[in-house]
Every structure is written in structure tokens, then in C-alpha cells.
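Chain lettering (A, B, C and D) follows the sequence in which the chains are written, and residue indices restart at 1 in each chain.
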């Protein structure tokens, strides 16, 4: 790892469901397991609620990486929200990849309410991988760019 | 006057249908355009041949254009029929409101009064896959991720957000499109690279399992941006992951299988 | 203003000098068989001169599809504003526009200076030099001669170039901006190449132009439109209209825009972007009421605005007869055909 | 312009040890829309809550963010405090600064900055929160119990005893179910009918219970508190009001050779019949399939002999509609027949029987009056082999699960056999003995040790009939080094798997409840909501969920009854308003829902209905989706699915989530 990458602190947003992963992350806290500070958690009732547009918005707002995490299959509080989400992500990932959006920056996990230790690993691993990929400059560059305005100026 | 023109003129004259939507000669000999026939005289202008590429199903959800009473005839291509069938499944076409008609090779008019007859006709008239589209998709697939991003960034930066792709699509019938929702402003409303990419991602995701592959979006684009590759690619992915059968009720993305792949979820 | 004659083959050399002088140059470029204006950095990028029209008009040089009006930043209770400085706009050359492109800036300027003087537009236009090339071919959609223009019309051009069959090109310099551009190639635009006002080259120019008889007159249209507000023609013509914005966005005179916010917490910007009267939302009120509830009323607005309201209020016609709207229309709404039918009613 | 209050809790030192709480509060004070921000040692303490209440009043706050422990801990506390100060409780959000920040990070700048970011996100969210009021749904104080086995009987009695009316629907002519067929019950060996029949009678006589036998649920509409059930009363061809239950008709019926369902085919009945002597109601029905009159148009013997003129031929099926507030499904299970097993002769050998057939043989009221006799020749079998796990735990048979009750009833059968045939020999082939339960293990030990039942651990490969007519059971004894064993048997009893009832899937679809791949009905949560379904107001009990023994069946039945009673004891059902809502807007649009209804399948709770928007003349303008707040559980899957964003979810709305995501990355 070169120095730039080491100095780079990725900003990561975690989209998690209330019943499994949010509770699992609570357990990480209760267990006092330490992990990287780079991840900020947004609580949703269910992975089924996580709109794919919100992931794009996180990138547009400057996220370098994204975690999406919910209940393991068959554990969903609402029985099938995670199954719906899974199918949505299959299609979404395929499309993003075809567009050349870096799907390696979106990490999907199942973390149950009992997997406090797994949550810490998930965060640390994601941070390490995104750090290795570097900042998502190519996306940030187009995020606030208005061609005519910028191209026509000195 | 073809025999089928005469048949349609008679239908208009005797009130079997109040309106017929079809095609007429366009501005240049190379193209045709949609035609609304309100009377038997207009029916003489109807044509049907390989130049008829507009997806007329787009008009079936435009209530303001359609007479309040009576049936509406549509001289349809297979693409129109496919879209019409999808519209039926999505509760957008009242039963019996439209009389879809196909013109056979010898000018034979086939009436397709219900969903089942549509299904049979479509099954009997499969449309060949466009090898150029498949080749383009393969070309893009073969690129590195960075090249793909550069390709689409360059391509979609040109988009002017005229929404012709949306307007020409029979399945883009939302009363309020997501781009018109500003609470929150899901997609920035001006034309620049990211908002353009986001718009296409939304358009394509919303087509998941619904797109019939007619290519009207591409045909309508005044800048000739190859946005149909996105919907086609999505359809390929869906077919590969979930099979070519669509759920009888609901949509590919509002249903699931417990066995859907999850090799990307850890 | 002076006129010159140069060789066809010298045109690229001149363009090279313009690029070398640091101008931003926008010119027709062909990609995948379709030609449109794009920024170029070498004459080699310019499309062969064999097409009637680019897809889009040249209006984007002064009226881009999206531009920042101002940006802001809030710190505590203090707010700082940042407005783009007009001086910072690049000197831009639109290379090989058509006379109908050049004509478009007259109504466009009229709109942007009607009551409020739009500094951004004016500043961009002031820094834009239009090098138009006379039309030597026309297609089924062209009708400039019916709305007061012509394939060799100088009005609105900074420079008009006409390629003559003899291998010469007649360069008519129309404005000071044009002169400045000619001055970048003093070798070409020398006294020796100057053309006298009575030169036979002007007759040669006339013979080189596309032949396009007028189909109607602006006055015919205005007269008919005065009584046409409740005519069934609007519905008849617009039935197949899909309500997209393609016609407006490729049009050289359509000036409608929307103003949007781009907030990011404590900072953000206000943006102007193109809008179209064909969109259903264009006139929709917050209450849900829409004074133009159907595509027919929106189509009527489009025609009346261009051919009735603008002539009345701005003394300008909102159409240059370029035909771009018709070429771009996904359902072949042919403006020439529709106007002809109105004029013949 | 919003006026948000931000309250940062130190949680003693739990948060302040690694997060600079004062700086977080200071940073919050400068955030857009924040009118007041402070930090305090224990925000959840009474003085801390008082601080919040006071700030709400003094600064006229219209939103509150508490930066403290997880919302799963104190969200209710702080929302209550807000409500006490007159602020709608749903305008309060919790920033999780303890579990998600201070406890998992080291002290330092990054940790404090993260805390600020978390607060920033929730400030932006809460600025878009809407005041919400809990949803009230009126409750019809009546329950429907589907299935009159022991589960249904228990549930009906429990609900009825709490003073609520119950409709009990049973598809057979009598209630009682499988338990009525059993001889003795493990582990106490008390007589099944002796303990069951008093309850059956109690049901019949209970003033709060309306019993419909020979009836089936045709359709169910509505939602929690407000169901409308249509019940088909199959024609009994007997006027129950006139019939005295004298039984004369059943003795006179000429058609006497019909295999009786109650006796599992080991005994016969007539075409007009009462399924068993203690049936409730104890009145006959005519089985049209086997009645000479219905089949051939001639006979009417029963009509001739009936002293009260109760026979009513050609009576049509009747349909009645009942409005109920809750539904308990107790439709039970069935066991696989012997014909399911090719290796055991496809049911060809008369003396290979199922466990439930053995129950009938052992029952004092059974076809042999309780004597164990072979179905083939009526002799007393001297050697009986019991085979456990027939079908169960066998993925190859499509039944990977354990049927749970077989280990125990097989032990019981062997024990009953030893008790009744003192010189008999019994052998049990088993895979494992699963005897978890009060006194269960002891019961099995007794069978092995006191009653000398021969337990062989191993699978049976084949049962075949030798030329001399003897049955031979070939299996393996894995405790003897997988040695092959062959045992002669006079009778073989298969502990066949318990499977879902035919028609279970159809019923689930009528009720809109989910079912597992084996067509057993699915619980809302296997651990925490074991008697609820995903459809609010519909509950489960007994073996329709999975094979269950009697104690567990009764326990779930009482559990389901408790759920029903807690629902019916309220006049209105009060629910969290965190539900999805389809928008309404000004005419001429009315709603941006375009009525494609593709969202309906996205809802796990069938909460999305159709609603017609009509003009003043009653003409339908458009048909749009409507979320039934009584059914919606607030997962939000429909919200992400809706293309035109016409559905949104209260508390996690599109505006809220969008703002929160954007704000989290606000700092540069």
C-alpha cells in the first residue's frame, strides 16, 4: 500500500435494516469490539426499503464505498423483504457494472442481530478494500459537474 | 385501396370502432408515422409494412386522445401487440376497449380481441433478435470497467433530457414520473452527466421485467444515444438470473425466489 | 465590412489558426453516422461538409442546456455568493453553422433582452463568433425561405462562407467579431484576396445556393393564426405528438428555461436549464390545475408563440425554418407541413 | 424554518470517554435548522428528560434529536418525554452515539467527527419528520376458529370463556379430530376419548360458541379486526332440529360396507352415519357419494324409518357470512398412507398398517373393541414390528423434517401391544429416539426396560411377503456393526410421516397466509411469534404448522386464544403509524399512483388493496392502490418498488431517508 492510500480515509455509508444488522451493530457496541470510524449507519425498517437510488445518492454525495446489510435469508422480520432486496441488487449490480460504475465499492452482507463480531469485521474489511481502491474520484467528478458551465470558463 | 383498408374503413363507417390508430406515409419515402383515423376516408391513408416501427401502444394510455365511448382499433405490429399485452397485465387497458389488429402478409386482417389471442399471435410471430444490438452489448461487456464508464459518461453527457425515450415508451405511463418528483428531488432535473446517468438507471430499472424490447426509446432519441442497450442488457441479465418466464402476477422485482443467487452477499 | 475570396483548401488552415489562437471552437462532428456540434481541437475532427444540418442548433454557444446562475456558501450566519464572471467566458467560435443557425440568435436575443437583460446570455453571445456556411443543399424539412431567411442569408452571421463551384470560397465578413477572426489569418484575408461589392462572385454564390422556393409567408401564417385559437387544427395536428422536448431542445430559437436548486447542506447553487412547452408539467400549477391540460393546447402554444406572440411582442419570428424540430421529432411532426396546411386553410 | 433541539447524552462516561460531547453539541448548534443544542451527563434520567421537556417548551422546538444510546434502548423513553412536553413523539429521533460510536471507536477526533455526522444526518431527517398519530382500527369482537380438533376445541373454549363469541367450523360431521381416534395418550396412557369428549360436549353447549360441522370456509375478506368469512354448510340431508340422534336410520341403511374414515378403513359404516359414538353433534349425515338414493335415485329407507321426519333429501349447500375480528387456523395434519411406501409393499399387504390404524385397533371403541387383531384374518399377531421414521427425515421422500410425534407414539404402541398380548414380541426399528418432553424419556425407557420392547437402531430396507404368507422385515442393526437383520412379523406398523392436509395450500391462499414448502402454515416468527401469521389477525395452532403432540397443540391453541383475546378485548386496535401510504393529491390527478398493482406481490402482508376514486356522481375516475393500515407492518418494500414514488412510508419516508443520506457526508 502506498502512502497516499494509507492516508486516504474512505467515507462509507452503511444501509442496514433495523431488525438484524442495526441490532447486530448494537451488539458490537455492547461487546465493546472496536472498528474503523469510516462507516456511518443509516437505519431502515428492512432491506426491502432500501431504494437503489439512495445508494446512487450516497455516491453522488461523496461516498467512496457503501455497505448494504440485512437479515440472513429466512430471518427477515417481515419474512421476505430481504429476498426482494436481494433480487433488486442482482439486477441493479448487473446494470451498474454494465455502465462502468464500480460495483466493488458496494458491499452486501447478511449480519444478524447476534453477529456483533461479524459487523466489526464487515466494517474493517470494507474500509480496507475501499482504501485500497482509493477515493471514488471519477464519480465525484461528474457529480457536481455541469459541462457547459465548466467547459466554457477560463 | 387494400382490402384491409376497406375493412377498416367499413368498421369506422358502421361504428364498430370509433377510432383507428395506425400508420401513414411519413415526410420522406423512408418513413411512416402514426395516424389517427376518425373516419372511413382517413382509413385510405393507412399503410402497414416494414417501415412501421413506431410503437403505437404508447397512445393506448393517453386518455385525452381517445374518444370517451366506443372501441378503438389499432393496426398493430408485433411490438405494439407485445406492449399492449404488458399494459393489460399492468391494469392499464380496460378489457374490450381496444381492438388490436394485425395485418398478415397478404393483407389479411387478424382481429385479436383479448389477452389470450394476443399471447398466441405473439408466440406465433417471434421477432428475431437484432444481432447488431447483441454485438454492441458484447463489445461493451468486453471493455474494462474504466472503458465502460468512459463510454457511457461520454455518451450520456450528450443527453439533453428531452425525455423522448420516456415519451415514446408505451410502458412509461406514470402519471408522475420519478424525475418530476421533487420531494425529494431524486434526479437532478438539468441535463448533465450524472443526472443523465441517474435518469437512465431509473428508466432502465423501472423497465425490469417489463421491457418488451421494441427499441422505441432508441428510435425516439434525437441524439441517437444507444440507450436501448441498457434495457436490452437488463433483460439479458434478468433472463439469465430468473429465466425468461415472467411472473403471472406482479413483476420480476416484486417477486422473488428463495433460490435467487447471492454469491455477491457475504 | 469586407469580403474575401480564398481557396476551399485554405479553410482548414484558417480554422487551425483560430484554434491556435485559443478560441473554443464548436463545429459539426460526425459520430456513428450522426452529425452534431461538438467542441473540436483540430480541423480534422470537423465532419465532411455533406449534410444539411447538425442535429442541434448553435444556440448552446450562448444558451447552454444547463448553467450555474450563482453558487452560495453559508458559514454560521454569513452567506457568501459566487456569481460567474462574464469576463471568464471563453471566446467561442461556432464553425460551419448555417444561416438559419445565425438567424436564430436574433429572436433568441430578443427574448433574453425583452424586459430583463440577461447578462449571462449576452455575455456568452458577445464572446461567440458565428462562422456560417451557405447551404448548398436542402431537404424535405427545410423552409427558411418561407420565414424570411435564405440559404445564403448573411443576417445574424459574423462571417458567411459560401463555397463556390470554382473551388473558391466567398467569405463575407459581416461584423467586427468576424473581422477579428479574419485577422487571425492575415495571409488569407489580405487586400489581394478582397472581393469588390460588384464582383461576379456574388452571382456565382447565388447559383451555388440550395434552391428552396417559399411555401407560405410569415404574414399568411399570422393572419390565419389570429383566428385559429379555437380551431380543431391543433388537436388534429398534435394527435400523434408524444409530448417530449426534442423539438424545443434542437430549436435555434426556443428559449424556455427552468430554474432549479442544487442544495448540499450549507452550500449549493442555482441552475438554469432548458425546458419545453411540450412537457405537461411546463404549466402545471401547484394546485394541480393545468391551464394547458392537453397536448393539443401545448402544440397550439408552441405555434402561436413562435408565429403570433413573438412577432407581436418582440418583432421577431420564433422560427428560422431550419427544420430541426421535424427531423428530431420521434413521430414525424413536420412543421413545414403543418404550417403550410394552416396557411392554406 | 425548523427549530430542532439537539440533546447530547454523556451516558455517564460511556459516550463522553471517547466522544467530545460538548463539541458535538456545539457543532449541532450551528447546524441548519437547529434552535437549541446542549449536552448532559444522563439524558435518560428524570432531570435529563426534564431538560428536554423544558427546552421544547422554552424554545418552541418542532423536532428533537437525542444523541445517546441505541434507539432500540431509549427511543420510547425520549419520545414519551417529548409527548409530555406537547411535541408529537414521532418528531423525535435518536442518534446512536453509544453502541455505534463511542463504544466501538477509540477516543479521538475521528470519533467525535463521526458523532457530529450522525447527529447531522438525524437533524436533516427530523426536519422532514411528520407528526403522526397511532392508527386505530375498530375490532369486531368475534372469532372464527377453522378446524374442530383438539387445537380448535381448546382455542374456541379459551376464547369463549373470556366472554367473546366464537364461530367454530369443522369440515367433518363431528368435531374431535385425530385426538378422538387415539386409544391412549403418551406419556400417561390415559384414555384419549375420556379426556377429549367432555371438552367436545362443552363446545356444543357453550353459549358463546356457534358450531358449524360438515362446513368449510369458502372465502375470507377483510383484515385484522374486520374479517368477513363466507362459510359453506354442506348439505347434511338431515334436519338437525328434528333429528333426535336416535340412530335408527343408521341401523336400517342398506349400504353397510363403506370403509369408515374414523376407523381408518379398518371398520365399516353406513351411508347415513355418525362418525363415532361420542360424536358432537351426535346426529347423522348422509354421505352422498355412497347413498343409494343419491347415486341411483332409489332407496329412501332412512326416510321411511325416521320417526321424526328429519331426513331432507335434496337439501342444497348453504352459505352464511360471519363477521369476525380474528381467525384461528387449526386445520391439523394427516399421516401418509402405507401406499406411499413402495419398499413396504405400496399398501398391498393388509397387515402393514399405519400408526393411526394401530390406534384404532388398540382403542376400546375401535373395530376390534381394543383387541390387537390382524386386519387380514383377525388373528392376534404374535410378532409385531414397528418402523419409525417412515418418510420422515428422508429428503429422498421429500420430507426432510422430523415428524416429532412418532418416536413417542411408537413406544406407546409397542407398550400397548405388550400390555394386551402378553406373549407377543415387539420390535422397533428406529433412527434416533427423540423423547424430549416432560416424562417422555422415562416413558420410552419403560417400554424398553419394563415391557421388553426390542429396539433395533437401523433402517428397514424392505418388507415383503414370503411364499407362506409371513411378512418379513429386512433391515440393518447399526449398533451391531450394520449387520443385516431379518425379522418375521405377523403385523408391521409404520410410523408414517405427518404431512400437511390436502387443501392446506388452497386454504392458505384464501386466507392470504404463507406456508412452507411442505404446505404447513408459516408462523410470523418461528420463535417470537409462534402462533401468529404474517397476516395480522390470523393465528395458528396445532399440527397445521408442523406435526405436534397433544400438549404442544393445546399450548399453541391456548397461546393463539390469548392472542385473539388480547385483540378482542380492545374496542379499537392501536398500531404504530409507521406504515406505508399511497399519496393523494389535488385533482385532476388525485393520486400519482397509476394503478399498475405490481406492488401487490411485493407486500408480504397482502396489505395493498384497490381503491376506486370516484367523482360526485359516483363514476370511477381511477383505480389506485391503497395500503390497509390494519395489515401493513411497515417494511417499506413496496416503497422502494413503486416506480412513480406514489407509495411512501411514514417515519422512513423518501424525503427523510434522502436527506439523512445526503447529510451524513456533508462535512468536507
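Everything that follows uses one rule, which is that a residue touches a chain if its C-beta (ideal position, glycine included) is under 8 Å from a C-beta of that chain, and two chains touch if they have at least 3 such contacts.
In this text, all values refer to a predicted model and were calculated from it rather than measured experimentally.
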{"item": "Chain labels contacting subunit A and also subunit B", "value": "C, D"}
{"item": "Third chains touching both subunit D and subunit A", "value": "B, C"}
{"item": "Chain pair with the higher count of C-beta pairs in contact (B-C, B-D)", "value": "B-C"}
{"item": "Between subunit A and subunit C, centroid-to-centroid distance (C-alpha), Å", "value": "45"}
{"item": "Centre distance in Å when subunit B and subunit C are each reduced to the mean of their C-alpha atoms", "value": "32"}
{"item": "Chain centre separation (subunit C, subunit D; CA means) in Å", "value": "70"}
{"item": "Overlap residues in subunit C, where contacts from two or more other chains coincide", "value": "65-66, 262, 264, 271, 293"}
{"item": "Per-residue overlap in subunit A, given as positions that touch at least 2 other chains", "value": "52, 61, 80, 84, 88, 146-147"}
{"item": "Where subunit D touches two or more other chains at once, by residue number", "value": "589, 602, 641, 654, 658, 662, 666"}
{"item": "Of all residues in subunit D, those that touch subunit A in their complex", "value": "70-72, 96, 98-100, 103-106, 110-111, 113-114, 117-118, 121, 514, 522, 524-525, 534, 578, 602, 604-605, 633-637, 639-641, 649, 651-652, 654, 657-658, 660-662, 664-666"}
{"item": "Subunit D - residues contacting subunit B, complex", "value": "589, 591-602, 623, 641, 643-646, 654-655, 658-659"}
{"item": "Of all residues in subunit A, those that touch subunit D in their complex", "value": "9, 11, 13, 22-23, 25-30, 32-35, 37, 40-46, 48-52, 54, 57-58, 61-63, 77-81, 84-85, 88, 120"}
{"item": "Subunit A to subunit C touching residues, read off their complex", "value": "61, 144, 146-149, 151-154"}
{"item": "Contacting residues of subunit D [partner subunit C, same complex]", "value": "30, 32, 120, 124, 585-589, 662-663, 666"}
